[in-house]
């Protein structure tokens, strides 16, 4: 099985005097469902940032989908990102676009056909139970609704790699269930690799998963 | 509604810049027209004891474009009400020849000086009347005029540059977030900034058309035309071809420049 | 560093406004000085067959502030090189009296016309020489000058207003969020906007001081002084008391107005 | 026992055609610890907004700490807010202030003595385990760290009424425990009334609490 992510002696930091991730080694096989846990401030979001190339490795090597991110070119990184779906912890929805257009964003960037786009957005809106709100702007939604929009956007272009940062933090159990369904579906049917940061691994998981824990700058697999 | 307001702010900024530029063009034309008028009114008078050969004279003095002999009557007329007709006859007989010179352009005091010296080197020319005092007055006024216009144009330029930079900042506030988010989903730079450039081009076109309407209206306005005709000059306020072209060019290049700056100055969010 | 940049943007905007205003003041002074100079140079000549009583004359013509008799020599000198001395003597005998009039201010063509008609009603005055052509030229130039300055001042004003409104918008972008949050914790309006007003006052003071330094420097600059002396007028470029006061007043009131607008236009977040 | 909150026939909405809270009646006694639950988008945050006067009642009456919020004057509302501590779902930290100053915000507004302020901020920073980060700006913190700053800010002026909108949504169990401790402490020691929106009522609660559930626009007490 080929590996989607290979980290070799990877270190991450925002400033010289504070290393967040310290010389870690790990790898993720293609098509795996991965949970990442860790205390608040332990470096989970930081690790995700490095995976989509927003934070350059301090040292060591990080290979995602065959692309070495340490010193990657802008255009290669863009290509990688177009096949990645991200749910940010703070959602990062575009304020001046309604939620329909927000979900379309990766499809617009990918240059998809408008019929495909329409279908895809429609079915995702239904799945996250926001069809009736499709014309609203992000500020007019509740926190959990915004989070569901972010989830729908991350999945709209059927990415091969999905990175989700606490995608159910603001959701009740029922809504959270919808999200887990979506992620499991992408993993099972589209063979997408899914990496989820969460504080609580849902009790009923229908797919096999791996679990990494971050503590004191190192990453360990929990078995 | 919201998107209309977005457009408005850039359009107003562009329009104000177009307005400043067009005003400057009009002023430039007015000064040129005025100089044209001045040279038409200004002339030198020379007094010579011999008849002057016109062709020769014009060839030797490139600044002069015409020389006409004055009838002595005109000269004497200036005093005629106080002198008896007998004396006038006497005067006429003893008077030398008078010539009026037309110049090619409105001369500086130095040019007048040089010309006078050159003319007086000819022994037969006994006097060059330059009306120097009145010439000096007008010339210095023109100088002051130009200095002031320059200073004002510089201030308008300065404030305009500031205005554009403010607009730039506002655009940055508005578009940075969206551009960052698009970047995080792998949008290449051109796509991220497509909205920006479309906005820039559309707004530039709207502003140009509005400028066109505004100045066409102004050029038919009675007040403006009265103002100019009271000064006695005829100025083209808005040339529907050239000026429109200049406006279009300026607003297009300014707004695309604005957009480019934002794209270049855009920092990725971490 | 960050806060310095925050300050800079308002300071630059204020400074550019102060610069425009001061430029306008200087131009105003220059035009006044120039008119002063013009009236000094401008004079009418009247020809009268009787001696004119100075006191009487001045009382009757309020526009005139001085009347001097001209020696006939001056009149004759204009033609002297072409006339034999015998004829000159003859001329002198038959010549009437010549007077030069100094006017109170630089007259409009209409005022000259009225004065001429009034003077000619006196039977003994046989001619009024107004040098009307050269006067006309200068006067119309002055008119054009004023029109153009007005237009430019209006454009500077317009662009400046736009500049301020842009600055306003930027401030709104920057401060709206903080003010909303403070409001949610019950801060009264004055407290929410205290930062804003402090910023406004401090920046106004800094801008005024910078304006003071700038114009003090300019008023000692050789280039500027040469420029003005070449035009032959003497203009006070920066009055360290009055102008400083005007600057301080303008920048303080503008920046506090700016801040007030933001406070008033601030919308609560829902 | 006097009532801090009395809602009488209260209706809330953002637009004419969509009522979020529909003619509800409820009241909260002073010093109570209240949980509010409900599905995502059910109107929990909307209800809190009305309690701090950011959303005017559509109809009905809402009295908070003796103040009728339907038609309240600006100055009365400000006074009320100065005795209320709020944790917003999206934190609402001031970006251009470091976290120390952010926590001071209510103390600055209340005009507290600087020594008191210093002490209070210090002890709160320690309690939420952010002492070492005190000079950082909100954007330089992890999601959970920002949430803890928001919590510290809400408690800094010892408010009589605390409104917290999913204050542990982005926190691991340990950090969440710190937050529950703080809220319980304020309720027990300072007799503050605490109203918490959450998706999960913590299993171990040391104080008695009431539980309201929002569904289809109505509010019911769960017993």
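In order of appearance the chains are A, B, C and D, and numbering begins at 1 in each one.
Definition applied: a contact is a pair of C-beta atoms (placed from the backbone, for glycine too) under 8 Å apart; a residue touches a chain by one contact, two chains touch by 3 or more.
Just so it is clear, the structure is predicted and the values come from calculations on it, not from any experiment.
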Steps needed, at fewest, to go from chain A to chain D via touching chains: 1
Can you compute the centre-to-centre distance for chain A and chain B, using the mean CA position of each chain? Integer Å is fine. 62
Averaged over CA atoms, how far is the centre of chain B from the centre of chain D? Could you give it in whole Å? 67
For chain B and chain C, let me know how many angstrom lie between their CA-based centres, rounded off. 21
List, in ascending order, every residue of chain D touching at least 2 other chains. 14
For chain C, which residues are shared contacts with two or more other chains? none
Chain touch graph shape: choose line, ring, star, complete or other and state it. ring
Which pairs of chains touch each other in this structure? A-B, A-D, B-C, C-D
Could you list, by residue number, the parts of chain D that touch chain C in their complex? 14, 49, 52, 54-55, 74-75, 77-84, 86, 88, 92-97, 105-106, 109
Residue ranges of chain C touching chain D (in the complex, touch as defined): 2, 174, 177-178, 180-189, 191, 268-270
Under the definition above, what is the set of chain D residues touching chain A in their complex? 14, 37-41, 44-46, 89-90, 140-145, 147-148, 165-166, 169-175, 199
Which residues of chain B touch chain C in the complex? 9, 12-13, 16-17, 19-20, 23, 26-27, 30, 34, 38, 41, 47, 49, 75, 78-79, 81-84, 87, 90-91, 94-96, 126-127, 129, 131, 133-134, 137-138, 140-145, 147-149, 151-153, 155-156, 158-160, 162-163, 166-167, 169-170, 173, 227, 230-233
